[in-house]
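By written order: A, B, C, D, E and F. Residues from 1 in each chain.
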Amino acid sequence: MQSETRYERGQRQLARIDGDAGQAVIEALADIAPDFATYLLEFPFGDIYSRDGLNLRDREIATIAALAAMGTATPQLKVHIQAGLNVGLTRQEITEILMQMAVYAGFPAALNGLFAAKEVFAGEHS
Amino acid sequence: MQSETRYERGQRQLARIDGDAGQAVIEALADIAPDFATYLLEFPFGDIYSRDGLNLRDREIATIAALAAMGTATPQLKVHIQAGLNVGLTRQEITEILMQMAVYAGFPAALNGLFAAKEVFAGEHS
Amino acid sequence: MQSETRYERGQRQLARIDGDAGQAVIEALADIAPDFATYLLEFPFGDIYSRDGLNLRDREIATIAALAAMGTATPQLKVHIQAGLNVGLTRQEITEILMQMAVYAGFPAALNGLFAAKEVFAGEHS
Amino acid sequence: MQSETRYERGQRQLARIDGDAGQAVIEALADIAPDFATYLLEFPFGDIYSRDGLNLRDREIATIAALAAMGTATPQLKVHIQAGLNVGLTRQEITEILMQMAVYAGFPAALNGLFAAKEVFAGEHS
Amino acid sequence: MQSETRYERGQRQLARIDGDAGQAVIEALADIAPDFATYLLEFPFGDIYSRDGLNLRDREIATIAALAAMGTATPQLKVHIQAGLNVGLTRQEITEILMQMAVYAGFPAALNGLFAAKEVFAGEHS
Amino acid sequence: MQSETRYERGQRQLARIDGDAGQAVIEALADIAPDFATYLLEFPFGDIYSRDGLNLRDREIATIAALAAMGTATPQLKVHIQAGLNVGLTRQEITEILMQMAVYAGFPAALNGLFAAKEVFAGEHS
């Protein structure tokens, strides 16, 4: 029996974590940089998110915090706020993570993160 | 019976989370900006880290990720790598968080975070 | 006679500095993170902007410069360009601050700051 | 015979590199900061881009990489993706530069750069 | 009578604002990029800092705030903390500017700025 | 005959581009995050730098520009200034790239990049 490739493992993890939003990113890359879609499946999802040693819920805490603190990646922050909900974070926990970013990256970073979360939460079937 | 003030609660949380390193920061501020030491105890520790809704281990995942991704706060990253160990993260979990930052903030951010962790781990009594 | 609380002092300062735009931010937080609205009033406005030692006009020079240089907080930059006008900066002075950011954060940061100012100035009753 | 001024040399270089998009930026500055339009022509274009020692194609590689990595200057990144095409970079080369930024500034920076390029390429007469 | 060149005006302003530290930067560039020393005198100092419309004290408020918020330019932040003192800011005012950066760029940015100021103040003849 | 693995191709590219400095990074990771050394060889070097479509000299222009503009990765900037020399950039070309970053990321970013280059050039056998 063949073992799963990095690409296949990445596809499976992307579907589990990011759902439709992840697939939309892959498709948007098809006409400009299809190889980059492959790398995105293989390295972040096939390698990093597939590792033992930190569970997916904890990984999404780290990703939401990092993207909100950086403040340069609003589309990806929204994808990972949804991803956080998908892997078991509550709305309250995500809100706490974003509020905490005021301490490390300033109040505007926290505010912009909270308003991104507000949009994601509004679009979700609760 | 008097309820604990924000300042007192912040002192208690700082001692619990950052230990001696936190106290050293407070003391280093004494001659230049003593009021800022007060704010540091009151807002981040007395307000944010004292909130329910996200436990301290999860809060340190968020902080380590954010500081490593930003790449502008090495002293504070080291303090919070130690803080992460203090509140229950394992060395392996911290290493996983830092490696994951390669995806969101680039390989140099992850490398510099890992080398900061290496210093903290080396100085710790294991 | 009761002394003013941090929250009350923050409300007064926010109204004075940011006017309606500040109140709109507080209201936008009501359904997602009402506690964060409280912190925003208490720490930045009730604590920092209420301190002696630097007047409000000088504080807004600092804030406009910082937000333009960071380049990650356009909504907040616009609020503080209006705030600068509210507390006594002239349009010319704000334009000079933004132009100067070309030296420290690059020409794109200055350009994006100037275009934000252009929008704010256009919406103002002069 | 008079030698060309910095301003005139900057105008010539801006037209050659950025084309209409550069001129649009100059015009947008006319009512808010006309002196800044002058500086923009004189220093970046009249001084830096007019230097020997690195050709324009190589200069645009550097600019596209820097703006994509910083992630705070999407309008300027688009102008310079078009500028790269104007001075001889191929679409494939620009795509490679942007993909490479995943290594240094993270996958979101690369993705946002690639989507900016997709817009520019779509608007271009090929 | 000849009018002053941008270079000469820049030299005069650099000496007035940054004093010896500015001259040291110019000299450090001599063997690697002497033209860059010229640009540094001409554009930031000969053009920007020589403009009317914002006085030097206000310009240094903006620069100290921006460099502290960015967190990527500690040597330049120290030079401009000294420059602020040279053009009339008090130690207290500089401390207030740096504390305020906690609101916009996070507590680590403010702390690292305050510790930079502590070093500059300690080295100064008071 | 077996085709080269990503890991092997990455090792070959790392040796060619970064030389001893690259190997030193791999070894420094051995006791804290050996898997990250593997990823570093496989993705940046085995995948990205091994791609056709942009030659190594052009890739190093992009990397030097990005790292200097970001200002958060001085050790990696030095490694890639040496890498640039290794793959055919001249000292003058590297100096031009770094000077140009003043336009996009500000004078401090350019200055700190030039001083990093000065250190690398001084340590090199010319």
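General remarks:
Rule of thumb we're sticking to: a residue touches a chain if its C-beta (ideal position, glycine included) is under 8 Å from a C-beta of that chain, and two chains touch if they have at least 3 such contacts.
Quantities reported herein were computed from a predicted structural model and do not represent experimental measurements.
Common neighbours of subunit B and subunit D under the contact definition above: A, C, E, F. Using the mean of the Cα atoms as each chain's centre, the chain most removed from subunit F is C. For the pair subunit B and subunit F, the fraction of shared interface numbers is less than half, so the two copies use mostly different residues to meet. Here the CA centre of subunit C is 23 Å from the CA centre of subunit E.
Centroids built from CA atoms put subunit F at 31 Å from subunit E.
Computed centre separation for the pair subunit A/subunit F is 28 angstrom, with centres defined by C-alpha atoms.
Within subunit F, the positions touching two or more other chains are listed as 35, 39, 43-44, 48, 51, 67, 69-70, 72-73, 76, 95, 99, 102-109. A complete topology is adopted by the chain contact network, contact being made between every pair of chains. Contacts from subunit B toward subunit A in the complex involve residues 43-44, 48-49, 51, 53-54, 58-59, 61-70, 73, 76, 92-93, 95-97, 99-105. Contact residues on subunit F toward subunit A in their complex (touch as defined above): 35, 39, 43, 47-48, 51. Every residue of subunit D that touches subunit A in the complex is listed here, in rising order: 70-72, 95, 98-99, 102, 106-112, 114-115, 117-118, 121. Note for the complex: subunit D touches subunit C at residues 25, 28-29, 31-33, 35-36, 39-40, 44, 67, 70, 72-73, 75-76. By the touch rule above, subunit A contacts subunit E in their complex via residues 69, 102-109.
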